[in-house]
């Protein structure tokens, strides 16, 4: 019994094969498009100025989701404050200072591991260290610190890549003109690597903004009467809000759920777009 | 002026060095705190009973096997979806797609990568679960299968991007040599390029496994959260509970320091160790490949 | 007058390529000393060693290099200061991703000079000396890579001149340039030698012969012959030198 491959000529096999590959790609791509459109269509009716800026009422079943939006904003900001300086500095170390030895290997293994730890385990860690041991309690502070450590690997690896892509000749020339290593990094290397760094930071923060598990026991709360006043307050947050209203609140109007998920989606998509735009504009303007 | 500058340079260099080593510090911290809160579980209940088959905390049954197997079942199902779809998409993008096709596919995959898992879980509850119930005539759509489908989607971007990297790093000379010998592009892909990218693809799959097992929200929302031992193939169509979902859903209700609390942290240790093993294996595979190709190309 | 004294300089890169073997030579001030020879001879390595640029790579260096009664290979000296006193221009022009003005003032700014008046003056002088002022004085804020290849190389020279060094080293400075740009640089060097000590590794024998006040022939890391330019090129003492100059190998 001849196989199909032998019945057709190589060219015919190739055309058929490519056709099947294309089909499978469509099968992969379709759900993504479908999901986005579905959320867009179902969620648009819920969006109004009130929805975005008013406080919730009637046990979250009416009114707006303003505190959740603000909460996510605070958490993202908090994450950025801790993870960006530390992550960029760590990447500078790896790209510009670190010798090629065992210790550096160890650092890289540590980063790979940090990036693979499940988000809920980060939640446990945040609970154990920040909430309980350091007595920060369930707060924006605890949640941001937890999210920052989770975001570190992304920032470190994209920053390191951006730094390494700056040509070595810049460093050589700068040093030959009588500058110190840090002066070269600060004046030439970092500015040139900035678009790549920004892209990585945005993508890292995008992920942090959408995560629920790390903030479950470290900072997120559902029924909060007021906006948070200080970093030691707990806060509402979009992803957590979505989770609770879609699984744990009886009688939650479906429209509010769709509206919430649309807001979260838009937030994520906008960050994606920002990162993409920065990346392609930098590539076009590259002076080398 | 020179002294001031020299001191500043010294301080900055030290800050950078410390930042570099901070990752090691954090991994150790995480492990330490997991152990601190999780090891007492071995005191509260013996190791044997921890690996028992009944998870019923109210009556002090802390057997985590149903949870472990639940995670494995859902992950396996996810791999069956994400590996073929992800690998084929990667091959298409890297070897076949035209420029405009790439400009549609790649952003879509990136979009999928950025979707929060709670959003996928939400869509899962609203659309996928009822669909499964009606289509497969099940008592409930909250099943391991639903979890696998969502997890499969979530894992696809990981598999696509790492496989694509692996395929792109196969030297062009391989492809050119194959074509010069008269092979079609199709034959070149399957007989030459893909085998050369073998270890990169393996890395991609391992990291996909890590991603899938570590996923929390989406599975929590659609798998039904029934901590029962999965039995045979039927388990795919029944509710199940993963390790991650267990921690997420029960942590809010336990008393600090109680045996239940400690066991949840213990599950965290299991997850941590598992991801450690997966990630170290994956990176040693890709290290081996890099060394081998360095030797070949030198 | 001797400006640089090199004593028993040995250089070995960690990847095994031996680069300089027991080099001993003295470099005259206010003259153009040419280091010539086939590729791999060690000329670039010598230049980089003098600027302590080999600190950036894995290499073993022994020996001494005396400039102004200081051994510049001593790990205790202020390397940053040294590099301001010894400038180097590379074979491919590398404009920093700054403006023209920014490139030339870079060294001074990094050294701590922030007074606009002083910077303006230094930039103008340096660009004049590099014969670039007339061409760029009205667009100093344009990005440096908007210049042509020859202009960029003169910019790299201006960058070095702004620091008022004592020694200027050029490693195949015209290999990427057309004959006209090359000629401009060569005549500039003849002028500059009155003020500076110039070390040049040219990219062909003809350029060496044109410019050399003194010449040193390097072969596989060894200094084969050294002397006045006229002597070396007209009456080379070593057969290897003669063969290379005659073009019998290269």
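A, B and C are the chain letters, set down in written order, and residue numbers restart from 1 in every chain.
Basically, a residue touches a chain if its C-beta (ideal position, glycine included) is under 8 Å from a C-beta of that chain, and two chains touch if they have at least 3 such contacts.
None of these values were measured; they are calculated from a predicted model.
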(request) Taking all protein C-alpha atoms shown, work out their mean, then name the chain whose own C-alpha mean is nearest to it. (result) A
(message) On a CA-centroid basis, which chain has its centre farthest from chain A's?
(response) C
(request) Give, as an integer number of Å, the spacing between the C-alpha centres of chain C and chain A. (result) 48
(message) Quick check: how many Å separate the C-alpha centres of chain A and chain B?
(response) 16
(message) Centroid of chain B to centroid of chain C, CA atoms only: how many Å?
(response) 55
(request) Specify, in ascending order, the residues of chain B that touch 2 or more different other chains. (result) 5
(request) Provide the list of chain A residues touching at least two other chains, using ranges where the numbers run on. (result) 180
(request) Show which residues of chain B lie in contact with chain A when the two form their complex. (result) 5, 9, 12-13, 15-17, 19-24, 26-27, 29-30, 33-34, 36-37, 84-86, 88-89, 91-93, 96-97, 104-105, 107-112, 114-123, 125-127, 153, 156, 183-187, 207, 210, 213-217, 221, 244, 247-248, 251-252, 256, 264-265, 268, 271-272, 275-276, 278-280, 282-283
(request) Enumerate the contact residues on chain A facing chain B in the complex. (result) 10-11, 13-14, 17-18, 21-22, 24-25, 27-29, 31-33, 35-36, 38-39, 86, 89-90, 92-94, 97-98, 103, 106-125, 127-129, 132-133, 149, 152-153, 156, 180-182, 203, 206-207, 209-213, 216-217, 239-240, 242-243, 246-247, 257, 261, 264-265, 268-269, 271-272, 276
(request) Flag every residue of chain A that touches chain C in the complex, lowest number first. (result) 167, 169-180, 183, 187-188, 191-192, 287-288
(message) Residue numbers of chain C touching chain A in their complex, please.
(response) 51, 53, 56, 80-84, 87-88, 90, 92, 94, 96-97, 106-107, 110-111, 143, 145, 156, 159-160, 163
